[in-house]
Every structure is written in C-alpha cells, then in structure tokens.
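Each of the next two complexes has chain A plus one other chain: chain B in the first, chain C in the second.
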Partner chain A sequence: MTEPIIIAEQISKSYGRKQAIDHLSLTIEKGSVTGILGGNGAGKSTFFRMITGLVRPDSGRLTVLGEEPGWRTNSQIAYLPDRARWYGNYTAEQTFDWGSNILPGFEKSEALRLAELMNLPLDLKTEGMSKGQEARLMLILCIARSVPLIVLDEPFSGIDGSSRERIIEALIDAISEKEQTLLISTHEIYEVEGLMDDVVFLKDGAVQLTGNAEKLRTEYGSIYDLSKKMGD
Partner chain B sequence: MDERQVGSLSFSIDFSQPLYEQILTQMRSLIARGTIGLGEKIPSVREMAHELKINPNTVMHAYQELERDGLTEKRRGQGTFATTSMMKIKQFKERFALEYAQDFLENMHSLGFNLNEIHTYLTRLSQEKGHRKND
Partner chain C sequence: MQGINNQSFDALLRHETRRVRKNGKPRMSRQWWMIYAIFFLAAALILTTYFSLSYHIEMKYIWSVCWGIPWVVFGFSIGKIRREWGNGTVGWWLALPYSRWRLIAAKFLAMMVRGLCLALIAFTLIILFGAYATLISSSLSLHDFQIFILSGWLPMLLDLAAFPLLAGLGLFLGVLRQSTWRPAGILFWVFWGILWSLFSSTGWFQGVYNGRYDPLALSAAVIISWIAALLLLLLSSWLLDKKLDL
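Now for the complex of A and B:
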C-alpha cells in the first residue's frame, strides 16, 4: 500500500523577501494519516494552499492525485482552511443542503450522522453558534465527503475539550470506513498523537524530520515530546 | 502513561512507545490470564480506536496478530471473539513460556551461573515477591 498521493519535489515559494517554502521535498502515502507539525511560520498553511492550488510554487514540482493541483484535483479534496468561517444566516441543515449541491462527494446522510455524533443542533443558525459548534460544522462539511484526500489546517484551534473528542471520533471513523488519506496540521499534538501513521516536521519551509510515527516513537519517544525538542 | 477504559477492560497507553505492541501485548495478556474469558466477545476495532484514541489501523493490525496467535476468531457479522479452545490458549502460553525461559537461561549462562545458582536466584526472588504481596 505504498502508493503516493502527494509528491513535492524541491518546491519553493516566497512572498517578497519571506521564503515561505524552501526547496521542500516530501511524499505522502495513500491511505495514511499524516501530521504536518511545526511552529508558526514553518510553512504548513502555505503547503496546504499549494496542495489545493490556491498558491502556485515559484519553482519545483508538486503532484497531487497524479496531476498538477487545480480544479480537477480539488473536486477530490476536502479542505478545511485555517480561520474557516461560514455564512451566519444558514442553519446547520441548510448548510448541508448547500454542501449536497456544491461539494463533490458530499453525502447529506453522512453529515446528519456526524452532526448527531458531534452533538450539533441542526436547526441552529451559524450566527448563533459557539466557536466550537461552528468549527464542528466546518469539519463536517469536510469529512462528510467521500473524496480520497482530506486536508485539515488546525482543526482544533479554539475548540473545547468535548468537541475535540467528538472530532477525533469522527476522524477515526473516516479513517476506518472510507480509507481516506488525511493530512492534519495542528499545535495540539497530544490530541492526535495516536492517530498519526506518519509525521512531518516543517521548519522554515523545509522538512526538518519525517518518518513513521511508530518508528519515531521507538527512536525518540512520544511525538509530543519530540515536537518540543524540535521546537528548541 | 494514560489509563484508559474500554468497556470493563483497562488499558495503559504509553505514547513514548510503539502503540501496536502495547495493544498486542495487553490483549494477549487479557486473554491468556482469562480476564477475557473463553469465547467472550472482544471490543470492536472501532470501539478500541474511539476509547484509546488511536488509529483504527493500528488496532486492526494487532487484532490480525491475535488471530494468527490462535487467541481469537472472527465470526461473520458478529465480530471477533476470544477462542473457545483452552488448548489453543495453552499452546500460545507454552510457546512464550519456552521463549522467555530460554532467553533468561541464556543470559544467566552467559554470566557463568550454573543451574543450581540460577535456581537460588529464582527462589529468592519469588520469596521477596511473596513478602511484598503480603505487606
């Protein structure tokens, strides 16, 4: 089952004088859960925007699902951007109807199941939601889709403990039932510690360390502890 | 070290060690010691993954190894159960007992101890352990 779904070869991107991505090379395996870790400004969000074609590399080559990122690949990717927001006057259920019409692979029945699992009231308008409820809604829009690749940028930021637990459970189901490839960037490593198959540490837009989570544990201890060491 | 509960079973998960081996070792022990009885249903992969907050594939790989050990068997549409055969559990325990004993003996022999001396150590240790239990 070693079939790559993302291949980055020496990709670079700069914004003015800031080198956001610096000759980054990396392969993501199909069906894996990969944690993209690193401090602020390490290049995680920029890398995710490149995967979804929102940002093009200045140089190097990026292949996603066998081709260059663009509208064709995006129909097969569910992407949760950092700082995701939703329209205030839609209820959760109306949002799911919107998803059924617009988002390829979106299954409303799955969204309703997830909403129940994650304790999200269907008749609640987004403007009346807590930050945690809105984050759960955004996440459901992603993981209720039968697409091969799910990209989640900081899915836990600003979300309380019980919502986090529900999100983790929903992700566990997504991995086991749909064989989806999952890319997660997060500062909350403890939450996803047991979920990751592979780990990529980014620093200054390049790979600092990467490997199989179980092997890294044998060598360095927990990923959480390792991330602290990497940050120093 | 995290203590976590799956139904009536307790697991301790140490994230600084590989998770697959922890699941496998603890499930083996639960079945070998009879905490999970003969023919009893074991938690589903999903249940384990949810409660332990770990990747379901990790649980699945450990479960596949349990099946190869002869400790569990799948029943179609019903899930996975501990073996109903006392014989299989005995065979499994014997396999490991021999392995562990052999490793132990080799280590002791390599330090130059003879069987008599080794026996003395074992007696002393088990007495100390007995004392501690009585405290």
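Now for the complex of A and C:
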C-alpha cells in the first residue's frame, strides 16, 4: 500500500493574464522517483515553488507531507531551485559547513563522499568554479540530506555531458539506499529516464499524461520518445 | 522542529554578515586594494598637513562625515535583498526552513553589525585625523583636541540610533521591489519626501546638526524611529510571505 507525499487538488495559479497552473490535480507517492516533464512554460517550476511554499496557489488545495507547504515543511524538503546559483564567496567545504549548520538532515560526511565521487574541489570558491562544478555543488547540497522529499528543478540546465554523467551517477548512488521521494524536472529525459518510477507530463499548467514509467516505456518505447510525441 | 533552533539562527546570521559580491563581477586584486589604500592615506596626510599648517582648521566639521553613514547602511540594505535576486540565490534563501520574519531579522542584524563596523572605522579614522592635525598645527592645542573628541559623540550616537530605521527602510524597499506591491514604491517616496520636507522646514535637522535640540524630543524621535523600523521589518516579512512576485 503506497502513501501519498504530495496531493494537489484542483490547484491554480496565474500571473496576470498568464495561467501558470490550471486546475492541476496530482498525487505523488512516497518513495518514488517522479519525472515532472513538459516544455517551457508548462508550469513545472511554479508547481515546485508551490511545493516549497515560495508561491501559493490562488485556488485549490495542496498538501505536502500532510501539511500546507511553507517554511515549516521545508525542513523536510531538499530543494534545488530553477536557474539557481550558489553564493560566490563560499568554497565547497564552507558550503557543506553552512549546510550542516542550517539545513536539517544535512550530513557533511555524505557531502564529502559525494564531492569526491563527483570530483569536486573543496577549497575552490564558487565564483572560481565552472558552471558544471557549481551545479554539482548545489546538487550535493540537496542529496546529502536525509529528508523525505527531494525536489530538483532542472538540475542539468546548462551543464555539459561529462558533468551530467557525474551528477546522474551521484544521484543514483545517493538515492538508491534511502527511502526518499524524488521529484525531478528536466529536459535531458534521455539520460535520466532510467531513474524514473513515474512520469507526469504537464502542459499549460495541467496534467497532460501521467503514469508508471515502465508501463509507458513498454507502450511507447521510451519516455524520451513519448516526450517527443507529447511535444508534437 | 528539527534543526530550527538558536544555534542555526546564529549560523544564518553569520551567513548574512558575509560580504556578498555580485555574481560574475570580477574581483579586485589585493594589490589594487593596497594601491587604493596607500593613495587614500597619502592624500589624507598631504591635505591634513597642508591645511593644518596654512590655516586654523575647525576640526569639528569633519564629524559631518557621520551623517552619511546611515545612508550607506540604507544602500547596503537594499543591496542585501536585491543581490539574492541578482545572484540567483533567492530560491535557496526563501526555501530555508525559517519563518520570513527570521530571514528578514537575520539580514537586519547583519546590517546593524556592518553599520557598527563602518561607524567604528569612521570614528577611528576621524580621531587619527584630529590627533595628527593637532600634532603638526601650531594653532591647535590639546584642549582643542579634547573639544574635538567631545563634539563627536553626538553625531556618532545619532548614527547608531539611526541605523535601525535606515536598515529597516532599505530592506523594506528591497522587498517591495520584488513584490506585487511594487507600484507602491512611488507612493512611499512621495510620503518620505513630504515627511523630510516637513522636518527640514521646522529646522529640526539643522538644530540637531548644530547641537541645539531638546533631549526629550530627540529621545522620543529615536524611539519612534525604532518602532517604525520594527513595523517596516514586519511589513517586509509579510510581503515576502504573501505578496512575492516569483
């Protein structure tokens, strides 16, 4: 018997005339890896911001970890924001200390292990890092946390192929032994589709298609192929 | 609540007191900092020597520098909020497991610390200037130096008293700019202008500047400014919570 960790019931959000989320209803099961997919402007980032309480729905009801999302629930959510950058004056080591002091559930030893796995220099300030190194650092900040929910919004945006590979390896390594729920939005579907248990396609702020990744793969060949069809 | 305690608030405060530059902005090398420091020191020494030897300088006017420090704090406070957006770190900041009030309070306290450091640096430099000028000038005595130091306590104290309002105002305007209430910014400046003109026309600021003031009225003004600062911080955290334009 699976248990829901996120329940969205007819949630809507508009910015002026633009309807970012339109009567979205969705349930995310605990312990699953769910890909939230869709083109630009589909509502993925807005939905993630709602999960972390950064944005509130205009109408409808959203429950995360059994509560209304907000700063209290954020102690149990590791969130990698869309187009995020890290503070330029921090080294990786200082970032991990920051995480240990500020983020509930952050494990510095795990962060150091992942940094080694991802070949991330510890003494280099973020302002001197490449985009790929900075992306790895931010990902570690999320996946080195023992929290029930991880939300990654476009973790591979602007990252080269080799960095992407390292990140995916680390992601598989980090979540395989924990009972965490992972929500990931990405355009790099081909490389991460093997991770996903479930898939949700969004379009114009509403669910276009949702289902078990394995079943969809059987039916359409791959999630990547399906996404191309959905985009047509 | 897991992990949210005073210790982690201290860590948040330490994080906020770190100086954050604009992401991508090239850093000035240590050599250039040294060149600028030496240039500033040499210029100050030459000018002080020249004026001390050529004229009888009224040292107390140098304390006027202090009136600018709260405005520096004001500018830093706006930048403190703006930089979260400009540097792309706003998502991290707002997703922290702290109430909006705590997030704003940490930035406010960090600004107070920075203001205090600025005031201390200004105080030390001004005292050094006074000591040097007294030492080389034939027309300045030790008594003049004592009077000079005594004339500095009021502007310094007023500086410290003004920091909460100016830091609160800077943070508020920084947040307002990122909220759906952005258009209210114009209204705010109109209101601010009217208030400033009113106080100026009564000669209140000039009186304080010249040391002619009613201590009771001044104390009341300081307390009112602190209450206003608190209200601005509360309003900022409310805007962050309810009216953010993300």
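Methods note: the second predicted complex is superposed on the first by the 231 of 232 C-alpha atoms of A that agree within 3 Å, B and C clash if a C-alpha of one lies under 4 Å from a C-alpha of the other, contacts with A are read in each partner's own complex, and residues count from 1 in each chain.
Please note the rule applied: contacts are C-beta pairs under 8 Å (C-beta built on N, C-alpha and C of every residue); 3 or more make two chains touch, one makes a residue touch a chain.
Just so you know, these numbers come straight off a predicted model, no measurement behind them.
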Of the partners chain B and chain C, which touch A:Arg72 in the superposed model: first, second, both, neither?
-> second
More chain A residues in contact - chain B or chain C = C
Taking the superposition as given, does A:Thr218 touch the first partner, chain B, the second, chain C, both, or neither?
-> first
Examine A:Asp173 and indicate which partner it touches, taking first as chain B and second as chain C; both and neither are also allowed.
-> first
So, does A:Gly231 touch the first partner chain B, the second partner chain C, both, or neither?
-> neither
Applying the touch criterion given at the start, work out whether A:Gly161 contacts chain B, chain C, both or neither, answering first, second, both or neither.
-> neither
Could you give the residue numbers on chain A that contact chain B in one complex and chain C in the other?
-> none
Across the complex, what residues on chain A touch chain B?
-> 33, 168-169, 172-173, 175-176, 191, 193-197, 214-215, 217-218, 221-225
Chain B - residues contacting chain A, complex | 13, 15-20, 45-46, 49-50, 52-58, 60
So, in the complex, the side of chain C touching chain A is made of residues 1-4, 7-8, 11-12, 15, 18-21, 23-24, 27, 87-92, 94-100, 242, 244-246
Complex interface listing, chain A residues touching chain C | 15, 49, 52-56, 71-72, 74-77, 79, 81-89, 98, 101-105, 127
